[in-house]
Amino acid sequence: MSQLTLLIVFDAVLLVTLLVLAFAAVLSPEPRRAVMLFIAFGLWLSLIWARLQAPDVALAEAAIGAGLGGALMLAAARRAARTASRSRGDDAS
Amino acid sequence: MSAPAGLDRATERSRDLRLLLAVLLTLLGVALTLVYLIALNAGAAPRLADLAYERLPSTGVQNPVTAVLLNYRAYDTLMELAVLLAALLGIWALGPAPPGFQRSGAVLAAMVSWVVPLLIVTGGYMLWVGGYAPGGAFQAGALLGAAGVIVRLAGDPRAGLPGEAAQRWLLVAGVLVFTLVGLGLMAFGAGFLTYPPTLAKWLILLIEAAATVAIGAALAAAYVGGRPPGPDARPTAEDEDALTPAQTPANPPAPPLDPRP
Amino acid sequence: MSDAALTHPLVLCIALPLLGAMLVTALPRWSVRLGILAAVATAAAAVALAATVWQQGTLHLMLGGWDRQLAIALRADGIATALVLMANLVALGISVYASGYFHDRVRVRSFWPLWLLLWAGLNGLFLAGDLFNLYVMLELLGIAAAALGALTGNRDAVAANLRYLLVGLLGSISYLLGVALLYTAYGTLDLGLLAAGIADSPQLLAVNAAAMTLMVAGLALKAALFPLHFWLPPAHANAPAPVSAALSALVVKAVFYLILRLWLDLFWPITGMAAAMLPALLGAVAIVWGSWRALRAERLKLLAAYSTVAQIGYLFLFLPLLAATPPGPARDDLLAALLLMAVTHGFAKAGFFLAAGLVQTNAGHDRIDDLGGTAQRLPATTFAIALSGSALIGLPPSGSFIGKWLLMQSAIATGQWWWVIVVTTGSLLASAYVFRVLSRAFGLEPTPMRFITDARAEVPALTLALVSVAVLGLASGPVWTLLGLSAAGVGA
Amino acid sequence: MLIAQFLYGGAGLVLFTLGLWSFLVHEPLLRKIIALNVTGAGVFHVLIAIAYRGDAAPPDPVPHALVLTGIVVAVSATALALMLGARLQDADEEDQTP
C-alpha cells in the first residue's frame, strides 16, 4: 500500500513538473526563453514516456521533438531577436 | 510590433477575451477529462496489444513498435516519409539557404571531429538494434540529422550534406525504396507491402536503412533552411530557360567538411 | 492474397503519384516530362479503378494481409470512386495547364514534386479506411497545399499560406484527439469496425459525441465552413492559378468528403436532425455571405475563392435533409445529388481558376473592372469562364442544376422549406457575380482573332468547364449507378 | 483501468487545452508554433497513457507507433511554418529598409 502511494507521489511529481514547464513555455513572452523552456518540456516529456514503458517514443521525442524541433525554433528565435534589436536601432537613430 | 498610444481599450478588451477563452477552455478540459474517464472504462482494455504480440513472430522483427511501424502499419510510415519530404520541398521552394554562420573556433571544430562520427556510429547501431530493442529508423535518422545540425553550427553551410543532385537522391531514398519494395511484392503476387515471413526481416532492414538516410538528410536539410548552396545551386531565382540543360558550375565546391567515414 | 491483382488499381492510384513525385524530385531536369507522365499514369489508374468498381462493386484491401484490426484498410465504394475519378481528371487537366504555366526554372522544379505529393495525398484520403491513416493524409494535404500556395513567394501569398498551414495543423490535432478517444473506447482504428462498435454502444454516447465534435470541428476548420472560412479567400486567391484550382476544386472537397464519411458511416447513430442543424445553418450563412463577398470582390481570383466558400455551404445543406429522409430510393437520390454538386463544382471551379489565371497572365492583372476586351482577346477563355460560371449558378443543363433541383425538392418534401429560400438567394447572387464578370469582359476592341491562342493552357480550362456543364448534366446517370453499387454500405 | 492511465491521460488533456488557449490568444508566430506543439504533445501523451498497461504487462505498441509517426509529422510542419515565417520577415524587412 505504501509502495503504491509512493508510486503515485512519484507520478504526481513527474506530472506537476511537466505541467509547470508547459505553462512556463507557453506564457513566456521572450522568444529565446520560451524555446528553452519548450526544449526542457520535451525532454521531460520523453522522461515520462520512458517511465510509461515507451522507450522507442521517448528516444524519438528527445531527438526529434525536443532536439531538432528545438534547434529549428532556436534559429527562429535568434532571427526574431536580431530583427527586434535592428528595429530598435532604427527607432533610436 | 511597437504599440501606438490609444490601444488601452483594445488591450483591455483582449484581456477580457483571454479570460473568457481561458474559462471556456477550462470547461472544455473538464468535459474532455470526464469523457476520457468514460472511454477508459468502456472495456476495450487490451485494445490491439494482445493481437500485436500474438502476430509478432511472423513479422520478421522482435521489437513490437518496429513491427507496427514497418509491418502492420507500414503504409502509414510510407506516407509519413512523404510528409517529411513535402515539408522539405516546401522549404526549398521558398528560396536558397541563408548564408551560414562564420566558422567557429578550434574548440567547436575539435568537438565536431569526434561528436559527429560518434553520432553517425550510434545512428547505425540504432538502426540495427531497432529490430529487437528500442531504436529504429526514426531514432537513427534523428541522430544523423543532429550530426548535420552540429556540422552546420560549426560553419559548413551544407550541414555535411553532398551537393544538390546527390542530396535529392538521399532525400527520396526512403519513399522510393519503400514504394518499390511494396510494388515489387505486389508484382510477385504477395500484395502491396505484404512481406513473405522468410524475407520480412531483410526487406524491413532494407527499407529502414533507406528511411534512415532519407530522414537524416531531410532533417539536416530542413535545418539548413533553403535550397542547398554549392556547385549545383542555382544562384538566381529568376532565370527563364526552364527546359535547357544545366550549365556547368562556375564556382568551386564548398570547403570539404564531410564527416562521413 | 490471390486477389492481389484484382485490387491493383486501388494501390496504384496512390503509389504512382508517389513514385512520380520521387522521380521528379530526384531528376529535376526532366520534371515537366516526368510529371506529365506520372499525371497520365495516375489518371489512367483512377479510370481503371472506376471501371473495376463499376464491374465488381465496392473494393476492399487489407494492406499487409494482417487481421482487420491490425492492418490499414483501403477501400473504394461508389462515393469514393466518383470523387477519385473527378479529382484525377481535374488533376490531369491542371497538370497539362501547369506544364505551360510556370516558366521560372526554380518554380517548375518546386511545383511538380509537391503537386504529385498533393495528388497522392488526395487519392490516399479518398481511398483510406483507417482513422489514423486519414490523419497522415490530412497532414500531407495540408503541408503540400500550403507549400504550393506560397510558391509565388510574394508577401501576401506567404502570409496567407502560413495562416492556412497553422489553421490546418490545429484542425488536424483536434481530429487526432477524437481518434485517440475512439481508440481508447473501442480499441481499433478501422472505419468499418469502429462503425459497428459505435452502433452497438449507445451507452458510450458521451464519448461518441465528444469524438465527433472534435473531429468534425477540426475538419470544418480545414473545409472552411463559415465562420471558419477566414483563411480561405487570401490563400486561394494569392496562389498560382493551377494551385488555386487544385486547392479550391479538390483539397477543400476532399476534407468535406471526410466529414461526410464520418457523418454518414461512423457517427450515424448520433448525427440526427438536431446535430445536422448547426452545420446546415452555418452552410446557409456561408452561401449568402460567400456569394455576397464574391459579388463585391475586386479581383477575379478573389471572386472565385469566395464562391468556393459559398459552394461548400451548399454541401452542408444536405445533412439535415439526409437525416430526415428514411433509407430508400429517395435518400439515394439525395446522396447522388450531393455527389453531383460536389463533382460539378470540382470541374467548374478548376476550369474557372485556370481561365482566371490565363486572364491574369494575359492582361497582367485580374481586376474585374478593367477586364474590357478580354472576350475579344481570349474568346476561348471567356467562354470557359461563362460555362463554368453557369455551372456555379446552377443553370441547366449543368450538373449542379440537377443537384440543386433535387435539394429543393427534398427540402419541400421533408418540410424544411426555408432551405429553398437560401438556395434561391445563393443562385441569384451567383448569377449576379458571374454576369458582372462577363459584362466587363465584353469590352471594346473589336479585334477578333483566333478562338484559341494558347492550346496547352486554354484547352484544359475549356474542357473542365465543358464537363461541368454538358457531360455531368446530360449524362449524370452513371453517378446513380455508381452509388447504387455502394448504397448498401452507407449507414448499414 | 489504471490510476496511472487516468492521471497521465488527464495531464495530456490539460496540455491540449493549454496549447489551444495559447494558440488562440498569442499573436507572435513562434508562440503559436510552440502552442501547437504543446497541443500535439497533449494528444500524444493521451495515446502513450492508454498504451501503458502497468509495469507487469507489456504496453500496447500500436499507440506508440502512432505517436512516433505523429512526432515526425509535427516536426515537419514546424520546420515549414518557421521557414514561411522567416520568409515573411524578410519580405517585411525589405519593405521597411528603402
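Structural remarks
Which chain is which? They are A, B, C and D, in the order written, and residues in each are numbered from 1.
To be clear about the criterion, a residue touches a chain if its C-beta (ideal position, glycine included) is under 8 Å from a C-beta of that chain, and two chains touch if they have at least 3 such contacts.
All values reported here derive from a predicted model rather than from experimental measurement.
Each step here moves to a touching chain, and the least such steps from chain A to chain C number 2. Centre-to-centre separation of chain C and chain D, using mean CA positions: 28 Å. Separating the centre of chain A from that of chain D, both taken as means of CA atoms, is a distance of 11 Å.
Taking each chain's centre as the average of its CA atoms, chain B and chain D sit 16 Å apart.
Multi-chain contact residues of chain C (touching two or more other chains): 70, 132, 136, 139, 143, 146-147, 150, 153, 158, 177, 183-184. For chain B, the set of residues that touch two or more other chains comprises 32, 36, 40, 45-48, 52, 65, 72-73, 76, 80, 83, 86-87, 90-91, 94-95, 138, 219, 222-223, 225.
Chain contacts: chain A has residues 56-57, 60, 64, 68, 72, 75, 87 touching two or more partner chains.
The chain pairs satisfying the stated touch condition come to A-B, A-D, B-C, B-D, C-D. Of all residues in chain B, only 14, 17-18, 21-22, 25-26, 28-29, 32-33, 36-37, 40-41, 45-49, 52-53, 64-65, 67-69, 72-73, 76-77, 80, 83-84, 86-88, 90-91, 94-95, 98, 138, 215, 219, 222-223, 225-226 touch chain D in the complex they form.
Remark: chain B residues 31-32, 34-36, 38-40, 42, 44-48, 51-52, 55, 71-76, 78-80, 82-83, 85-87, 89-95, 168-169, 171-172, 175-176, 179-180, 182-183, 186, 189-195, 227, 234, 237-243, 245-246 touch chain C in the complex. Listed in rising order, the residues of chain D touching chain B in the complex are 1, 5-6, 9-10, 13-14, 16-17, 20-21, 24-25, 46, 50-51, 53, 57-62, 64-66, 68-69, 71-73, 75-77, 79-80, 83-84, 86-87. Chain contact summary for the complex, chain C toward chain D: residues 70, 132, 135-136, 139, 142-143, 146-147, 150, 153-155, 158-159, 161-162, 165-166, 169-170, 173, 176-177, 180, 183-184, 189. Those residues of chain A that touch chain B in the complex are listed here as 55-57, 59-60, 63-64, 67-68, 71-72, 75, 84, 87, 91.
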